[in-house]
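Across the two complexes that follow, subunit A remains constant while its partner is subunit B and subsequently subunit C.
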Partner chain A sequence: MTAAAGPLLLVEGLTTEFATRGGLVRAVDDVSLRVEAGECLGVVGESGSGKSMTFLSVMGLVRPPGRVSARRLMFDGTDVLALDEAGKRALRGRDIAITMQDALTALNPAFTVATQITEVLIAHNRAASMGEARIKAEEMMRLVGIPAAASRLDDYPHQFSGGMRQRIMIATALACRPRLLIADEPTTALDVTIQAQVLDLIADLRRELGMSVVLITHDLGVVAEHADRVMVMYAGQVVEDGPTATIIDRPAHPYTRGLIDCMPNLETLDRPVHPIPGQVPSPLDLPPHCRFFDRCERAGPQCRVPVALLPLSPDHGVRCIRAEGAAHG
Partner chain B sequence: MRIGRLIERIAGLVPVLLGVSVIVFLMITLTPGDPVEIMLGDSRSSPEQEAALRRDMGLDRPMVERFFLFLGNAVRGEFGLSFFHRRPVIDVIGERLPATIELTLVALVLSLVIAIPLGVLAAVKKNTWFDRIGTVGSLLGVSMPGFWFGILLILLFSVKLGWLPVAGRIGFSAEVPFVTGMLLIDTLLAGRLDSFVEAARHILLPALTLALPMAAILMRVTRSSMLEVLRADYVLFAEAKGLSRARVIGRHALKNALIPTVTVAALETGSLLGGNMIVETVFGWPGLGRLVVEAIFSRNYPIVQAAVLLYAVTYVLLNFIADLLYTALNPRIKL
Partner chain C sequence: MADTAMRPLLEVRDLTKTFVLNASVLNTLMRQPPVVVRALSGVSFAIARGETLGLIGESGCGKSTLGRTVLQLHRADSGTITYDGTDLSALPDEAIRPFRKRMQIIFQDPYASLNPRRSVAEIVGLPLRLHQGLGRAEAAERAAAFLPRVGLQSGHLARYPHQFSGGQRQRIGIARALILHPEFVVCDEPVSALDVSIQAQIIELLQQFRAELNLTYLFISHDLAVVGRLADRIAVMYLGEIVEIGPRNAILKAPAHPYTRALLSAAPRLHRRSGEARLRLTGDLPSPLAPPPGCRFHTRCPVAMARCRTEAPAVTRLAPGHDVACHLHEGGGS
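This part shows the complex of A and B:
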């Protein structure tokens, strides 16, 4: 694989649609993003905002009746759109890996963890024999911090605790040392005490393996701590993206501000949190104008127009016509 | 699976089997009609003769005592003499049983070989023409009476095309030493390939007649459990690992989807053993089913009683085997 100049992952105009009984649902609407080599991109949004679907689409894991289209989809200089199914399959697990929200459901209950880790290595020719694959699997389990890894290879997922299962899923995803890890809500299913451990583990592995990470979460606190850049999604669209510090300190979109305001904070515990009023519009009945209109405190009559993602500065984009400095189009 | 648990589970079968034997005993005892009268028939017999026969058969003892006598004999495999054959019931059944077991096993294998791939394919190709044809086909398979379907097969393959024999187990010319009583095995053990082919040709149609309705059900079960499993996160995760589609579907999904199939297959096999009376009659298959039909018509109660008990025990054991298979398929299920 040649290391091309430019971002590791480049996505332009990604749209994912589902034909449902109620009509066409556009779960991901014209999303563009990039992930640089070694970078951690935080993706934030409520449930149903399309953040997981965006990256399932990138990996080619959307099933019918889902339809994915994109203007460009480049991974490490390779045009993924031009690859056939076998080519895409070779990327999955080898170069781009994903961990899912709940390891309990993501690991197959019917197979030992050794089987589930070794099969990735064998599928991508990273191990010549079963013996070699087992040695590598044990290595991976040690790397993610499973105590007595060798003796636990032939255990089944249900024999591990929640935190350990999450680690095994990470070990499975990282078995081939991928260039990009998509961590989809890696901590949502875990106890608070374990959450930090798993996040630190991902951060450590990122440094150690030199991979890029996409951290999908609804927790801005997690993003503030781990991500280099943040992308905020709302109702299938990117509403704001930029460097983490900028987004946290000077959010330009009212939705981002709302997310920050409803974060509980130890220093401001005496201050009540401000939940965002209302709820995400139904994907079957999206307004033609700004999708945040109904919930926005600052909405005015001029907001009743479709809004594009506009640059506030070269590395900070926002989808709000009232954001200061946004070039009105 | 731990041996201790296995023994515990086997011990747990004892009360079930005891209950079954109580029911069988009561059924036979409480059935209208006095066996002594039946045995003596129309012949003029004195009350003394009648009482002597009653004493002779142990029928004058209290019911509880008779039950334990029956139980003790049943455990030793003694079910008395067959009225018709004038030989021990256990011998008569023993001669016929292998033919039925053989037919059942072949039917079971055939139905699994047909049902599992078709069920998986129907799930993967959900709502396509293949799936719809499969649905109609399985509906037909379920609703067609076995004897009628068997006759159709005979008419087509034996009478019209002449490819397969009409009835029986094997040609008269074949002489095979008795080992298991299952001809497909015995012919191979004897190294008689020609006889094996002959036996296989004979078993094909009756086995197919039994297998197709069962395959129809198993296919539906496999399809629906497969559809559910295909939506599971672990299938998506397996795909995300870059595994081949064959491995994702054939291993990750199928192993989890097979549990309902195994349950239904075990239940269906139980009813095959009992329910193949019609098919054995249609195809002149000298198995237990035909023996029981003959026994019922000739009021050969010792045979019927032993056969009913045998069917019940088989059913219980098949369910036990299904339980064992669950633990192999899903390690979370404990015995």
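This part shows the complex of A and C:
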């Protein structure tokens, strides 16, 4: 526990590539980000934007033929790139935990939930004995709001409802009291009333445990309600990042603007729908210039150049040469 | 619950549908009574020609079963489904066939609802061959002419579903449903499997066709904002029952049932008015195998009273066309 100044997680120049039969796919392209202690970073993007792959890469969970490289990857002052496999394994699950979108596939159907929660505790030496681990597991299940936790320890995943399974996965992730929780679409498979319960739970735990959270979602409404800062991804790149209020109220990138405008919104039901035309370019056939070019209403001939992510203000970055105030040459 | 002076295009009365779960040989031998799920219990509503009724509820509440039962893809246990003056539930299968070309469905999952071994020409052309007796070539020709109307190109005709993105597949599903120019279409969560930017494209397409073909929609979704975009009226379902039905703005601006209020409150917003507390529901959806006695919502209701636990609420009319089933609103409530 070194800590002190500096962000909890610092990523610079992260790139993840896959060699496929159709050619090299760059799923994550030069992504840099930071997460401060106690902060919630919202990561927004559509399918294939690279938002999940970014954090699987950070976690070291990308298997060959996937290739991950980064200029810097620091967790709480530790250089993760310099760690050996055992060092990375110690970090994963203990200090950084991830919850997957689909709890039914992420939990092992052949083991009871007690086995799955205690396994993490034993593996990371957070419990001296099985007895102690079971007591802690029960505590975690109570913390995430599972009724009659003690009597449900020895149940299997299929015996729980979707919302309860999501809570069990969160309980497993939180068992070692991680300092960073990566929640990948934690509520996409859930109904709205249950979604609200799970998100409120993550917010409560963040406050109580002082944990940092990365909230990966396609839902800007979820981000607006829970994140301190937002990072918007498109076709493997970060296209905009900044404080949540700035991104929602004054989006600078046409894609962010488009996402906000096309979102079905209970406040503006009779405003005509304003879809973003076209679709995301194929990762095998990315244009050399701005990747949003084909779908952008404001695109002009000057956009036919590679575009960098540049600051509009100290805490607001945008990848668009037409964004006003950006220091693009 | 119909207020239209004109005869509605579709009128559903007291519809009940159960599914038998474990009718295995062993259970029969052991003389165990089969487990029965009541997916729909006493559902009634009407839809006028050209109107869109939005149907909202959480998974397992019976909204898809309702859509499919209305189309006679499931046969109802009891109740009537009157379509343009004819009670479909009383007709034998052969007599329903002529109605099928007038009633179509768009499914949720554009990956599962298209046969991966059939080309677009076959998928979109099949309804024409079945209902209008066209030959393969002629059906393909008509399909080619229709594709541009859903935003695809006639050159896509020879391709297979896996060669398309989710949004394009949903366009194929829409073409298949609309090529016969039906009057009534059940849209069963047509956008929930799609990315937001694509959702908006599909919603716009459905709005456009509604105007062009004067379609009547039963639009099923779990997303209030999506339903609010398209619906003239909204019905809210909970555990196999309609708990509230009314004009769109009444449901979204002045919801009467605590469940409708909770759904609205739980929807994530870009701008939540400050100080607006979220109405938090506790607990899970009860199992439809053993729905709670009394009002089915009482186990999660923040304002449940003693009588809610024992007595099912009757339907109360709050305003013309706005009905709610909740003890709070019965005769002024208590």
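Observations on the model:
By our rule, the second predicted complex is superposed on the first by the 327 of 329 C-alpha atoms of A that agree within 3 Å, B and C clash if a C-alpha of one lies under 4 Å from a C-alpha of the other, contacts with A are read in each partner's own complex, and residues count from 1 in each chain.
The working rule: contacts are C-beta pairs under 8 Å (C-beta built on N, C-alpha and C of every residue); 3 or more make two chains touch, one makes a residue touch a chain.
Quantities reported herein were computed from a predicted structural model and do not represent experimental measurements.
Upon superposition of the two complexes on subunit A, no clash is found between subunit B and subunit C, which fit side by side.
By the touch criterion stated above, A:Gly236 is placed in contact with neither subunit B nor subunit C. Residue by residue along subunit A, subunit B and subunit C are tallied for touches, and C comes out ahead.
When both complexes are overlaid on chain A, the residue A:Pro7 reaches neither subunit B nor subunit C. Applying the stated contact rule after C-alpha superposition, one finds that A:Val192 touches subunit C and leaves subunit B untouched. Applying the stated contact rule after C-alpha superposition, one finds that A:Gly50 touches neither subunit B nor subunit C.
Of the two partner chains placed by the overlay, neither subunit B nor subunit C lies in contact with A:Pro283.
Contact with subunit B, but none with subunit C, is seen for A:Ala90 once the two complexes are overlaid on the shared chain. When the shared chain is aligned, subunit B comes close enough to touch A:Asp102, but subunit C does not.
Once both structures are fitted on chain A, no C-alpha atom of subunit B lies closer than 7 Å to one of subunit C.
Partner subunit C is touched in their complex by these residues of subunit A: 46-47, 147, 161-164, 191-197, 199-200, 218-222, 224-225, 248, 258-260, 262-267, 269, 273-277, 279.
Listing the residues of subunit B that touch subunit A in their complex gives 232-234, 236-244, 247, 251-252, 255-256, 329-332.
Looking at the complex, you find that subunit A touches subunit B at residues 56, 59, 61, 89-94, 97-98, 100, 102, 105-111, 119-120, 123-124, 156, 158, 169, 172-173.
Across the complex, subunit C meets subunit A through its residues 58-59, 165-168, 195-201, 203-204, 207, 222-226, 228-229, 248, 252, 262-272, 278, 280-285, 300.
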